[in-house]
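The structure is given below, and queries will be raised subsequently.
So that you can tell them apart, the chains are marked A, B, C and D in the order they are listed, and the count of residues begins at 1 in each.
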Amino acid sequence: MIIVLKPDSTQQQIDALMARIRELGLRAHLSQGEQRTIVGVIGEEEKLQAQPLQAMPGVEQVLPILKPYKLASRQMHPADTIVTVKAGSNGPEVKFGGGHVSMIAGPCAIEGEEVLAEIARSVKSAGAGILRGGAFKPRTSPYSFQGMGEPGLKILRDVGHSLGMPVVTEVMDPRQVALVERYADMFQIGARNMQNFDLLREVGQCRKPVLLKRGMAASVKDLLLSAEYVLSEGNSQVVLCERGVRTFEDSTRNMLDMAAVPNVQGQSHLPVIVDPSHATGRPDLIPPMSRAAIAAGADGVHVEVHCAPEKAMSDGAQALRPPQFDALMKSLKAIAAVVGKTFH
Amino acid sequence: MIIVLKPDSTQQQIDALMARIRELGLRAHLSQGEQRTIVGVIGEEEKLQAQPLQAMPGVEQVLPILKPYKLASRQMHPADTIVTVKAGSNGPEVKFGGGHVSMIAGPCAIEGEEVLAEIARSVKSAGAGILRGGAFKPRTSPYSFQGMGEPGLKILRDVGHSLGMPVVTEVMDPRQVALVERYADMFQIGARNMQNFDLLREVGQCRKPVLLKRGMAASVKDLLLSAEYVLSEGNSQVVLCERGVRTFEDSTRNMLDMAAVPNVQGQSHLPVIVDPSHATGRPDLIPPMSRAAIAAGADGVHVEVHCAPEKAMSDGAQALRPPQFDALMKSLKAIAAVVGKTFH
Amino acid sequence: MIIVLKPDSTQQQIDALMARIRELGLRAHLSQGEQRTIVGVIGEEEKLQAQPLQAMPGVEQVLPILKPYKLASRQMHPADTIVTVKAGSNGPEVKFGGGHVSMIAGPCAIEGEEVLAEIARSVKSAGAGILRGGAFKPRTSPYSFQGMGEPGLKILRDVGHSLGMPVVTEVMDPRQVALVERYADMFQIGARNMQNFDLLREVGQCRKPVLLKRGMAASVKDLLLSAEYVLSEGNSQVVLCERGVRTFEDSTRNMLDMAAVPNVQGQSHLPVIVDPSHATGRPDLIPPMSRAAIAAGADGVHVEVHCAPEKAMSDGAQALRPPQFDALMKSLKAIAAVVGKTFH
Amino acid sequence: MIIVLKPDSTQQQIDALMARIRELGLRAHLSQGEQRTIVGVIGEEEKLQAQPLQAMPGVEQVLPILKPYKLASRQMHPADTIVTVKAGSNGPEVKFGGGHVSMIAGPCAIEGEEVLAEIARSVKSAGAGILRGGAFKPRTSPYSFQGMGEPGLKILRDVGHSLGMPVVTEVMDPRQVALVERYADMFQIGARNMQNFDLLREVGQCRKPVLLKRGMAASVKDLLLSAEYVLSEGNSQVVLCERGVRTFEDSTRNMLDMAAVPNVQGQSHLPVIVDPSHATGRPDLIPPMSRAAIAAGADGVHVEVHCAPEKAMSDGAQALRPPQFDALMKSLKAIAAVVGKTFH
């Protein structure tokens, strides 16, 4: 950590700062420049990151040198983490990371067994690896459809497992974690809950993989710090998901930060996938953004599919129809081959 | 609701759309313009807002006419709501809204009885109405101080009530609501939990006032929809809080959207206050932004105060010291008088 | 255009609005709903877009139905525009759009003949179509290198044409347009000048193609309106360029809005390319973002290349080295083949 | 400047970096920490800011210590600059800064002598110091009214000076600077041209004051760097103007960054005013935001006023009517008194 002093800082202020650093068991190195005096701190930077040194008299700015996350960082764990999602305890597996690319597909919300089964069969035959569907829906308005709850979870599991597909579904409330764990093969933490730290800790104590979506105002660093919450509880099976952030552009629902894919991969060993459905909110943009994601090196894609989007109970306007999804999978496989990866 | 059709929409598509609207028990009015065909829908717009009409073939755009919230809207409730916060069951009261302006002050985190009591006495004597302090802290990093938990809640209540001040503290987890309710006079929902809908419902079922902070990527409309979650559960005592949103400007922690104060007041009857401490993260900006908030018509201000910011366990770098707070209160009272309001 | 009236609008206000619309030679259609009265306007919406109807008493909101640009819109011109850039008056051609994909490459700034020639030979042999280099540099600080001016332009043209490559360079001042036109084969309008309307008009009166970069706070609609300025002066040879917008994410220079590629292509017939160098500012992110751009359907890519980035006089930190560029071109050609396009 | 090396940097890379720094005539101080090696550079940091050290092998990050602007910084010039605007060569003066607060008011565009004179009389009698009006209008669409040009400038000067008011008007093109200088008492550089560096240099060579508006994606640092362009050409009479930046919030035109007022004042000696008309685009928000600006310590306010907003040729929807303006001025004077300033 580097501490820059104000041009008019006094010797007394400098002494107080140096004493404080020593109190914390660290060493300080003072460097008197022509225009500024600078203090370099040697030792465990973490001890200092929690200290409000910025508030000490005479201090102009505090510059951290190390990244604030550890378990999620590639420096601590240079090899790619491969996350494996299994359909039930003995079912087929799907992998993300280390060259493995997978597709998660399904409707926004679970609406009933028949509708879900039809969608599931179509995405399975096109090449999707995991079936998604929401039973608890985080809706901006209290008057929107809030999901089927446990009966929906049961339908999701039964439909998915009957086709040999692992299933993923969102959990929103720490009190629902045990319930969701009974049915789902992978937890999804939605964008609105990326910094719901109690929820992160709760899924961190489970042993099923977690799909962690980036919040709408979260930086890449924030996303990795949220992953750190899960990892620090002992659950190392985390897949990150870029799904767009909020900006002034109003012709798409959010702005898909495609550069986050290689950006995360440079800093972390965790797999990262892209959700172009929520990122753009527009079916015409989902296929090109899915192709771009794979070309950018993403470890997977997450797409909403519905057989009758105009009748969907949630977010229908952004779902692909099965024939569109089928055509998309073909081009994704070709691009994956170019970047040296294989869908499975 | 207005539905604009694509220039190349077919008669069959138009017929299907009209049939769909009638199916929902609504009336449609078709208007064939020179460049576009437009359908106006007459009836309860809410029925339609949940429908993915955007996904129907031939539809170009869907324009809602009514606002998506009701209970929070000024149209439904033209008079200002006055929110009353009471210290315990029979203690002194503090009010927000309808001409009442109040100051919430205290440390970021509760660190111990002595430290809190010293801060509380100083802010009380300067004119603060409510004492704040965090016992459960939402920290971006799992390695930061996470709060004292229940013992902190007890200290907060004891210190506040002994001075006749109601107390407010953050609740982060639906499972903690009952616990926090035992000690606090007002719940705070933090920015990161503004769309934690299960938590909103839980405090909506309580009968203590709620301080709802705007999320970092939340629009004014989103904030009012989150308030709607609380109101729709039966709790009408909600105070909204502008605390900055996330933008590209990096010399302040967030960007304080001061215009949100009159903007919210035009659309809603709920009181709205400003938190310049979290919005700016810089003590030099807190006094001018507090003054601006009162001049803009805010129903209160929320400021962090610490006797030794350089030793605070959380967010010390942004706290005011008691003498700064005292000077600030004097100027706030003078500005409140200009805009026809009184601190109490 | 749809005009929504306030719930408490009076008959007199409605009459005044209707009279105003008729005055403008348009027809109005009044629709009295249960909750709102709405006026649909029939006729040339453009006449109304310039009118401050929003300021009329009783008006709640004004909703435009048509897009505000025409010449740039795909509706007016359904076929893709192919922009052809020629090296001098009789030299080799490079094309963008309609299935043609091209690479623009070169250093940020022209620093001298020898340096430029070395870079140019390397990018040419790797497959770049157009050579870029800045002679007039828009620098945030007045103390940064501002470019070589006319001698730089001459070097650029001589080096490019000797290799059969058309050249593109930025023009920043309407007074320089004639000068730049003498040397360059394509004008570049930088992000900071996207709404420098006098400059847009000036290049609109020339007959050389224009590379128009998106501004840092410009929406896709704003970009198309700026293109409209050029087109409306008679110059139809405009290539749009996505180069990132400004957001809260601080680990990349800007946020590359990859979805803008298909988004623009849906709304406009003009070619659109991507500049990952300025968008990300990080060499490690440029290859994956270039691949993503081609997979997303971009009509070209714009990349900065320098033989010794650590000695570059401008933006060296973000330049690729020739061997990196060479490897990149190979993968781009393979992805272009998947999406049915060819580099030339 | 501090240079942080990668954990795996080699001795050879470190030597090359040290050699490079010495080549530039600077001294380097190497500090080997437990987790990172850091190089502190002593000497003129400016020499280094232009150097792409980030591109050198082994370098992880480069942290500047000093601010990149000088003439605009308060450190170089601790006392407030007072900017004086005079009506013609011998007319009445208006001042900004150093305790002087002034109001700039008038229509968005000059539409004719009679309309302007009526507005001018009303704002003058309410207490405005400077008359504004646009003769050259930067319009997003080429089909919007572009201003009256020179005849408008003449009307503005004649109307303003006949009432003893200095006049300010926007200049958009370096070729118009001499023309505008003949008529105006103060140049306005609009938000879209904040980084039109040729235009900044041109007004920097004049000796009339400059009103420099913040760009829609400009940070406070960028604004000060743009002021530096004007100052470095010898014109020290610059008034900065906060007018909102672009964010996701769509219920106001832009987001007014009120904290920029004290933020700029802490870093720079230049006066700073607020334009709530363009920042919010809504007449209901202009009075509270004007009051907040004065309470925040702004050196002035800039407001659009029109006698018949519903007939204005540009931006009518956001103009105040004269009686609203008159009431506003009364409250602004009262708030100015509280913060120890006087309108004149």
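Heads up, the rule we're going with is that a residue touches a chain if its C-beta (ideal position, glycine included) is under 8 Å from a C-beta of that chain, and two chains touch if they have at least 3 such contacts.
Values in this document were obtained by computation on a predicted structure and should not be read as measured data.
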| item | value |
| --- | --- |
| Pair with more cross-chain C-beta pairs in contact, given A-C and B-C | A-C |
| Remotest chain, chain D as reference, centres from CA atoms | A |
| Chain A-chain B separation of Cα centroids, rounded to whole Å | 26 |
| Separation of chain B from chain C, taking each centre as the mean of its C-alpha atoms, in whole Å | 39 |
| Interchain centroid distance [CA atoms averaged], chain A/chain C, Å | 31 |
| Contacts with two or more other chains, residues of chain A listed in rising order | 217, 245-248, 250 |
| Residues on chain D engaged by chain A in the complex (per definition of touch) | 2, 4, 7, 29, 31, 33-36, 38, 40, 42-45, 63, 65-66, 75, 246-248, 250 |
| Contact footprint of chain A on chain C as seen in their complex | 217, 219-221, 245, 247-252, 255-263, 266, 276, 279-280, 282, 284-285, 288-289, 291-297, 331, 334-335, 338-339 |
| Residue ranges of chain C in contact with chain D within the complex | 20, 46, 49-50, 52-57, 68-69, 138-145, 172-175, 192-193, 195-199, 215-217, 222, 225, 228-229, 232, 245-246, 283, 309-313, 315-317, 319 |
